[in-house]
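Structure, as structure tokens:
Chains: A, B, C and D, in written order; residue numbering restarts at 1 for each.
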Amino acid sequence: MIIVLKAHSSAKEVRLVEKAVRELGYQPHTIHGEVRNVVAAVGDETSHKSLEILENLDCVERVIPIQKRYKLVSREAQPETTEVRVGPVTIGNGSFHVIAGPCSVESMEQMLSIAKAAKAAGATLLRGGIFKPRTSPYDFQGLGAEGLAILRAVKKSVNLPIVSEITRQTDLEIMVDVVDVLQIGARNAMNYSLLEAVAKSGKPVLLKRGLASTIEEWLLAAEYIAKNGNPNIILCERGIRTYEQATRNTLDISAVAIAKLECSLPVVVDPSHAAGRCDLIPALSKAAIAAGADGLMIEVHQHPEDALSDSAQQLTPPSFARLMKSLLPFIRAAGMKIGKVNK
Amino acid sequence: MIIVLKAHSSAKEVRLVEKAVRELGYQPHTIHGEVRNVVAAVGDETSHKSLEILENLDCVERVIPIQKRYKLVSREAQPETTEVRVGPVTIGNGSFHVIAGPCSVESMEQMLSIAKAAKAAGATLLRGGIFKPRTSPYDFQGLGAEGLAILRAVKKSVNLPIVSEITRQTDLEIMVDVVDVLQIGARNAMNYSLLEAVAKSGKPVLLKRGLASTIEEWLLAAEYIAKNGNPNIILCERGIRTYEQATRNTLDISAVAIAKLECSLPVVVDPSHAAGRCDLIPALSKAAIAAGADGLMIEVHQHPEDALSDSAQQLTPPSFARLMKSLLPFIRAAGMKIGKVNK
Amino acid sequence: MIIVLKAHSSAKEVRLVEKAVRELGYQPHTIHGEVRNVVAAVGDETSHKSLEILENLDCVERVIPIQKRYKLVSREAQPETTEVRVGPVTIGNGSFHVIAGPCSVESMEQMLSIAKAAKAAGATLLRGGIFKPRTSPYDFQGLGAEGLAILRAVKKSVNLPIVSEITRQTDLEIMVDVVDVLQIGARNAMNYSLLEAVAKSGKPVLLKRGLASTIEEWLLAAEYIAKNGNPNIILCERGIRTYEQATRNTLDISAVAIAKLECSLPVVVDPSHAAGRCDLIPALSKAAIAAGADGLMIEVHQHPEDALSDSAQQLTPPSFARLMKSLLPFIRAAGMKIGKVNK
Amino acid sequence: MIIVLKAHSSAKEVRLVEKAVRELGYQPHTIHGEVRNVVAAVGDETSHKSLEILENLDCVERVIPIQKRYKLVSREAQPETTEVRVGPVTIGNGSFHVIAGPCSVESMEQMLSIAKAAKAAGATLLRGGIFKPRTSPYDFQGLGAEGLAILRAVKKSVNLPIVSEITRQTDLEIMVDVVDVLQIGARNAMNYSLLEAVAKSGKPVLLKRGLASTIEEWLLAAEYIAKNGNPNIILCERGIRTYEQATRNTLDISAVAIAKLECSLPVVVDPSHAAGRCDLIPALSKAAIAAGADGLMIEVHQHPEDALSDSAQQLTPPSFARLMKSLLPFIRAAGMKIGKVNK
């Protein structure tokens, strides 16, 4: 770390900082500048004590960390992209996979019908929420355990792996019996107890970026999972919270590129939650492919009311099928091929 | 809700929207504008189905909610500020309380010494973390259950109630035995399972605003607790995440004023986490009082290294005592008096 | 507009609002809800007085605008994309153009050498700043008028049109003599006097989005130019200011898609300023194409120090040439072809 | 500056960086870390070339500036607060001044009536916009030069100095004849040409923070004015753009405290533009005083429609008078006294 002293610090103050640096297990190296003095502390920042406490000293202006804080999930540690195997599907091996399904599981009929259509259009994993973290306690919270029976039956019928969100440790036991990828949602992206519990289950984890997580915080959340023995992590960019209100969130396409550069984990993009409006999904899906993503997660559902479904512009099964077709030229341009289910 | 149709929508499209509104349980009232048509849906938005699904219709441009989504915690429901009783202390009754203590409990000696000094300076509640959610898995995660024994002994010794953060449901049983106010931290502000569990414990809850929660999301998180039978909630503004990096977070002083206007719960401010730098704590504390806060939560701790403690500008016990003294004129200007421990 | 009254407003208050709406030139239509009353004001919001003043009434909670505020640049007004002709180049006609060049013009030799290399690699317009708005008054502010002679000579030599930023009205006369596209930078995106002056010059304008402009504000800035008689506007997305610090700005790829949907103007993307780091430029450039952009603006410059230039990862002329080649499959996938200079 | 090299950089790469540092006019000091090497560059960052160009080197990960970039306006340069004299009023001398008046000058009668009421309530400066930068070209843009006659007459009548916004250099000549403080609005906070022109007029300048300016950018904008020979600058915090939509902007109360700590200029707060809603103005005004502000700028205007004015909660002259009275205890608590007009 680098400790920047205030302007015109005295020799005594410099010695004070050097002493403190030494006591915390680092070697101090002092550079006397024209206006400010700087003490560089040499030592492994991930194993030693943090030097940030030095900011409390009167004479210290800033403490600047130098090392990256994540290790296990970094490209420096593992140059090759991690291949995450989910039953008959492998993510991160250069093929491009699409996870599709409704926001919430509503009924056997709904889920089965969407699953078949999604599979026919090329999706290789299914999504469907049964435990839904909702901003208001008066909103629909998901079918809960009842939805698991539906997911189990649908999985057996269409033979695709299932991605579903977990919101509390106490549901882990019943979920791992059916669900193939445990999703950590944006609201629980810093719920470290849940991350540890999910890690220990050994199941692949789809880790969404928090509403306002930095890229570093997102990768450190992945590091929590990896450090607890589970390397099977899929990162999911789903937009961040900004001042712009034309979209529900702002898709941070640069984060996809940075995650691919700095981290060895596969990255998927969720354009549905990023945009919050269907008309942008094609453009954002193509941009995700172009930026280097390994896959997409897209909400597909039939409208609950017959009278409305015809005119809806949302990603009904037919519009999803059109989307999938339109993505192929971009998948090829990116040097990838569309993911398949292994036999 | 208000459903705004796209420009120049047809009579047929308007009828489609009206039908959908009726099927969702509302009465439609259509206004034919010069460019756009608008359908107002009359009905109780908190008990009926959400109309946002109508955004999926081709002819719909926007759906705008009109009602407030929180009920139990609103001033409309309860005009008087909720008085939250925590052992011998009452928050929300017009007296101004200060919660003080270290970020983390480190040892019996440390905690006891700070507690005595904080009490002597006028603090009426103690804080001390034993389960710490940390961004990096390599950072100190708190003493855990071991820290409870320290909190219990200190509480007995200085006779002040204890505020401490809970990060997972499985710690609830051991914590309620010692801790007087369960704190929900910013990272768990949308962990609704935890909010429900904490609500059901019956203990007073200090609910921090999430890193990037809107004021509405913060009040809806409180609504989760209230709806689960626990009205003893203290809101805590601790800064929000913005582009400005001169402070760790941006203290949203307007949120204090809005929470006091729209919600009946008492509000405290945490200037330590908002600023992330000690030199701003006096100014932010005074601003919090001026904006109408019912209290403050301030980090006080002695520096771990003797050689350093003298020169530190952080809120050591003496600087905390000076701060407390400097706040009195502002507490008086706000028409409040400093909170006391009831006999 | 929609005027939402506070909960349980009286009949008298409703009549007050209706009267006010009428006096401002609209027809009021009142809907009596279960909790709140709502008054819809029918009339053309872009030609009548604003109703926002009604928020001052005690009984009014919110006033919600319904109409879009931009007219001339909207797709509703003009379904076809505007073709902006810049000398021998046409932007917005389905071909994909790349504007390349150094951030600042430094010398004839530098500019000429980069211009030739950029043209050889496929760029069809040149950029080069001579008036540089810099955050610090101590930073290099550009060559000023002296740089114009360089731009003139280079333009004549390589026969490509020139894009350069204007920062004040008093430079307009000398700039229009040489520069083919006047660039409005992010810092002047709300300098409406400058927008009007530039509009009246008749020259094509490249309008960058402000540091923290909403999409609506960006399109309204374009409306200022269009309303002053100049339809030759190229929008430029260059990233917005967010809490994320891993990139200089956050490229808002959704804004590109929205601008293409709602506005008839061509859109280019500046990945250099968005990312602030060279390693992301290929990914962001490809994402821009995939999201529907009509072009890119990319900084290309040779390193000023010979000793350094070999190892630099920045977009030196050779790396720019490699980038251009790598974009071709994505341009084809998007159904576009690479832009040419007309004979 | 500090140059951080990538992990495991070679001795050759370190020498390359050292050479580059030397060529840019600094002395390199290299510290060999366990994972990363760091080169500290010693020299005055405000007079030498920027080292950020080194980020282009393959082997460089980051370049971190150490020195503050503003000099003339820093507390380090001038420990005492600058006293800005505006006719018979002095800002920055420990007295607390309130600038009041309408957003826009609408008529002689309106302005005169508000001015008298504002003066009677204790305001010592008047505000009133005649050149209004508006987001939409269809909104009212101010009376323009016609408004100057009104300002001149009102100033003569009530004998208070006038603050008014300037939006372009070409208006400078006519404005300086009447206006006592030239206001730079948030939208022009980075219009450096305008800052320079205003500086050279010698008139006191009220400099608003930009919509999304960092504190550093705001102080550097002030530095532009100071560097051009004009030290008479009043900073104005008016809220920043964040994700929170409950207020028009988020008042950054910490910025007031930081500006007071790091900069010698007086600071006023504009709660009207920060909140965008009248009900928050009392709380935000008191918070501003508590955080150390030297004054406030508050919008006061009578409602244009008689029928409406009685019930309005906005800062009509009577509500402004009540506000002023309610601020006195906080002004006293802050150790200040209410500002007066000198005889």
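Here, contacts are C-beta pairs under 8 Å (C-beta built on N, C-alpha and C of every residue); 3 or more make two chains touch, one makes a residue touch a chain.
Small disclaimer: the values here were computed from a predicted structure and weren't measured.
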Selected pair, greater C-beta contact count between C-D and B-C: C-D
Report back the single chain whose CA centre is most distant from the CA centre of chain C. B
Hey, how far is the Cα centre of chain C from the one of chain D, in Å? 26
Please work out the Cα centroid separation of chain B and chain D, and write it as a whole number of Å. 30
State, to the nearest whole Å, the distance from the C-alpha centre of chain B to the C-alpha centre of chain C. 39
Set of chain B residues in contact with two or more other chains: 212, 216, 241-243, 245
Seen from chain C, its contact residues with chain A in the complex are 212, 214-216, 240, 242-247, 250-258, 260-261, 274-275, 279-280, 283-284, 286-292, 329-330, 332-334
Under the stated contact criterion, what part of chain A meets chain D in this complex? 2, 4, 7, 29, 31-36, 38, 40, 42-44, 64, 66-67, 76, 212, 241-243, 245
Using the touch definition up top, name the residues of chain D that touch chain C in the complex. 16, 19-20, 23, 46-47, 50, 53, 55-59, 69-70, 133-139, 167-170, 187-188, 190-194, 210-212, 216-217, 220, 223-224, 227-228, 241, 277-278, 303-305, 307-308, 311-314
